[in-house]
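Heads up, the thing below is written out as structure tokens.
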Amino acid sequence: MLGASGYAGRTLCALALGHTGLELAWAAAGERRGARATLGGRSVTFVGIEEAPLGDAAVVFSALPHGASAPWVARARAAGARVVDLSADLRPGHPIDAAADATAADTYGLTELARDDLRRAAIVANPGCYATAVLLGMLPALARGLVAPGATVVVAAASGVTGAGDTPRRDLLFGEVTENYRAYAVGNEHRHLAEMRAVCARFDADVDLLFTPHLLPVARGILATITLPLAEPVRDPAAVWRAWYAGEPFVEVVAEQPELRHVAHRNAAHIAVAAAAGMRRPTLIVTVAIDNLLKGAAGQALQNANVLLGLDECAGLPS
Amino acid sequence: MLGASGYAGRTLCALALGHTGLELAWAAAGERRGARATLGGRSVTFVGIEEAPLGDAAVVFSALPHGASAPWVARARAAGARVVDLSADLRPGHPIDAAADATAADTYGLTELARDDLRRAAIVANPGCYATAVLLGMLPALARGLVAPGATVVVAAASGVTGAGDTPRRDLLFGEVTENYRAYAVGNEHRHLAEMRAVCARFDADVDLLFTPHLLPVARGILATITLPLAEPVRDPAAVWRAWYAGEPFVEVVAEQPELRHVAHRNAAHIAVAAAAGMRRPTLIVTVAIDNLLKGAAGQALQNANVLLGLDECAGLPS
Amino acid sequence: MLGASGYAGRTLCALALGHTGLELAWAAAGERRGARATLGGRSVTFVGIEEAPLGDAAVVFSALPHGASAPWVARARAAGARVVDLSADLRPGHPIDAAADATAADTYGLTELARDDLRRAAIVANPGCYATAVLLGMLPALARGLVAPGATVVVAAASGVTGAGDTPRRDLLFGEVTENYRAYAVGNEHRHLAEMRAVCARFDADVDLLFTPHLLPVARGILATITLPLAEPVRDPAAVWRAWYAGEPFVEVVAEQPELRHVAHRNAAHIAVAAAAGMRRPTLIVTVAIDNLLKGAAGQALQNANVLLGLDECAGLPS
Amino acid sequence: MLGASGYAGRTLCALALGHTGLELAWAAAGERRGARATLGGRSVTFVGIEEAPLGDAAVVFSALPHGASAPWVARARAAGARVVDLSADLRPGHPIDAAADATAADTYGLTELARDDLRRAAIVANPGCYATAVLLGMLPALARGLVAPGATVVVAAASGVTGAGDTPRRDLLFGEVTENYRAYAVGNEHRHLAEMRAVCARFDADVDLLFTPHLLPVARGILATITLPLAEPVRDPAAVWRAWYAGEPFVEVVAEQPELRHVAHRNAAHIAVAAAAGMRRPTLIVTVAIDNLLKGAAGQALQNANVLLGLDECAGLPS
């Protein structure tokens, strides 16, 4: 595990330590090398990143910061490991992807979309937390071609503060976040938009995306509220989503509106689908809740590793 | 003051007690009659609603529950008082409005839109908290005819829990709300939508509204995120909003994204306007923050009363 | 499970459903009979209390309200079940204990103190959440006779709101609790004090207890801060606590100050012991953190049932 | 104002800007020099500390960090200003006090104790936030000699996170503080203890103090819970406190337990006094709530400046 000391890294180490089919070979951290942490009830000492025996692990996870991860992915791959990269570096639409062929990911690891590719994957780009929520909400509509051509899909999403990592920042202090709420990256400025667009393009969806993230005064969780203008009315839309996700262990189409507390500490996505009243154009509102550190990061990374290694996909994952 | 014991009623009593040009004649409550409360540093005893000397006040405010307010508005009016009704009963689009001509409001009290009418008003329907935030964000676009005809204006809004009042409900307990977030009234089911549509209709705006409210784990504040598809590109859109609101004492077009904490405990609306990148159709994102108990309820009610009585519009209002 | 619909009841049902050696025979609720809940990932329908087949279960848990539980404990016992009662009714120092011999508990289930008795117990009075935290902090001192005779043990404790149950109350609404903190039951008025005194008496400890609880703006967790005036100085007091709790699976003497987040969602007690500087009389400060719904209620109840039934004491319990 | 950019400094600037009898001559900050902030509705640009025209102000406030403040107090004094220092540097019991005679404070500014001295003061050491709460709770007992000689006064106090300032620290991030609670500086290690002891000594009180602070998941507020063993029983103890504080504009002895929300954003101390039941030695529990940024820092500093300058003591202060 590279980048083991941040929120996603620690969460992934804790999951790996509780996984009966995996062993945590080592946990490496940059600034906090040498520090000890209690993860999943066990004491772990972080080694330095340079000292990490990359070749000792069948799968190397990297939760290094965006920009710093790609070179280490390349080294881990060169050392013979398969890699799941939680950074944005190798995701579709990111510059590093184009620049460095050698370290390009072969699979974008939205597990529910990529399961077949994952079995053979050498380098997996683990999706961003917002992209996971939004794409899980949109996938059935994309696959069935439900969205009106030329339409704008408006997404308002809200995330807990762990989505911003644990590097000290004044605007993330408790005193600044409690009793507060605000939008950010307004006007389609968020890094995860490129991933969302790339997956839409894969389905030849003729849509514009308008994505506005917000910062919630909670520790963990993302709720995405997605507006889908439809080409034509869909009878019982929730049934369409249920059918698409039938058999998926970590995606549930729910009758009540999803709530963060119902997915917290679980590798789960809860999705509700509703038709809007009083509109000329038939429109669905799809709401998706995930835990940004689990299905939005470490949980999905482990889910991907399970598939990649041919293990039970659910092993080690709280649902 | 009728309905003085809830959040909005108590806030309004406190403001009135601190207002040098007004006196609080009486504060009436239903269930909590006889109870004492410390409001604005002074001790107030609630009289029963039936005992309230309606004719003793130049202006009667009602924050009685929706459905219960209209008959009392009629009685107060019959007793000679001018009335500001904070309930939904007399707002445009609500059934009671049509049913009982005698108690119809003559003014919808979004102060910035209704200032001239307010001076002569006998019965003011004080806007809903969400409607206030959304309409303040949309007014310049409506007035200037900026929105593309036939377009859908998508609004995602989030409110603190005081918006739901202080009647005990299990889903509003601290243990249910902390670290949680969810949408509600999904699919255009919210009561305030009728007000928003009525104001849009007044401007002959050919738009559909799609409004999705969410419950935030904060005590007070509303943030509305409004997507405005434009008929054609607007150069420097923030300048349009600034020009429209020039001279308004309680509306500020801000450069940074509005935050709840900057408007909490103030009768203020903060608005930011941004253009969205990567869209075929020019689109603005307008974000609006207000304190739901002040500019969204009691503050605006007092602002309206100030205008109605010919007092300084800012008197008694924290900005 | 009697009283399955409250916080403690639901937590216990969820634990039981995840316990490989137990089966949840039925879950009974009063007001919420017929309601369905998702507990531990499974859907459970609450039967009415009157319909509960008391004799079908080897162990009946009761989380009925204080005052209502004792008669049902008697009925369950009469039906042949062994009973773990989470209410205060049968705990030492409570009036019902004296009044109704037939339903007197034979064991006060502070597991770490009562393990031997539990194996033969017919009726277990499960300790109160505050009592659990305070007594776990004091036990080594009581057992070793460390406290100065005649001294006052001052305890300040703070609890999350789930400790007050999920019956709607205005003072527990999110809007009343967020950004707030206050003491309650000040002056030794709290119900759990009788249990603490009874255990102190069992050790012939000549102490006065002064217990002040506080309400924290968190969902779950208790932190107790206990001041122990010593008969004489103790060298390495943490070692005394560590020795006393050696081998205990759910009690950990920690080096850093205990934090609620480290014990949340775990059946764990974290204890730190420190000597106070600048005091004439040698004095220890013992701090104890537990999750009030787990080690303070449902977790300890299941731990007790495990011992009572001869199962692995840790089975089904997250640590 | 030196050190204007932190929580206390910004709060003090905002108060000064709203004070009709004072003008904010300049606001100086270290790291954040040149930055602009909106304080009390007005835009303020921070000058560098070196550029601050120390002699231009009748009163210089310093909220510079502990350790950095004393030399600037000396310079401001040399420039002819009277000084209110919010840092710990010049408070009783702090090393700098002894080391640098030239900059010793002549007055410890617990206003209710020091009012007469303040009128002539040249340098005021503004009390620490915890010390303010604890001493206001103890003063009547100290003055009347109520505490049992040789007794230990146990104080458990809890503070919101703004008490730790706004310098980014990982342990103060929202994600680390929400749903958490912990003690710190356990064993009489807190810096404010020296002030409390010094004031006790001034009254020749023969007591030991045991002070344990805790970190609350709230932005602002301190609640101190003080145990006072009495020399002999006191009839109607609340009346004693009420009598002692009669006429004080900012101290209120309240009937219900003090709550943080009732003192937030106010320069107020709420105090309750209760006798403990079931104790051999008569004992009082005194609980005190203040806003740590107002009565615990900036508010008291302005209150002191008002007295010092001969202005209305309440001017510019929200109560």
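A, B, C and D label the chains in the order they appear, each numbered from 1.
Assume a contact is a pair of C-beta atoms (placed from the backbone, for glycine too) under 8 Å apart; a residue touches a chain by one contact, two chains touch by 3 or more.
Since the model is a prediction, treat every value here as computed from it, not as a measurement.
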Chain pair with the higher count of C-beta pairs in contact (B-D, A-B): A-B
Chain of greatest Cα-centre distance to chain C: B
Chain A-chain D separation of Cα centroids, rounded to whole Å: 46
Inter-centroid spacing, chain B versus chain A (mean Cα positions, whole Å): 38
Rounded Å distance between chain B and chain D, as computed from the means of their C-alpha atoms: 38
Touching two or more other chains - residue numbers and ranges from chain B: 160, 176, 178-179, 217-220
Chain C - residues contacting chain D, complex: 150, 152, 154, 156, 158, 160, 176, 178-184, 186-189, 193, 208-210, 212, 214, 216-221, 223, 225, 227, 229, 257-261, 264, 272, 274-281, 283, 285, 287, 289
Complex contact set, residues of chain B against chain C: 7, 160-162, 166-170, 172-179, 217-220
Interfacial residue positions of chain C with respect to chain A in the complex: 38, 41, 178-179, 262, 265, 319
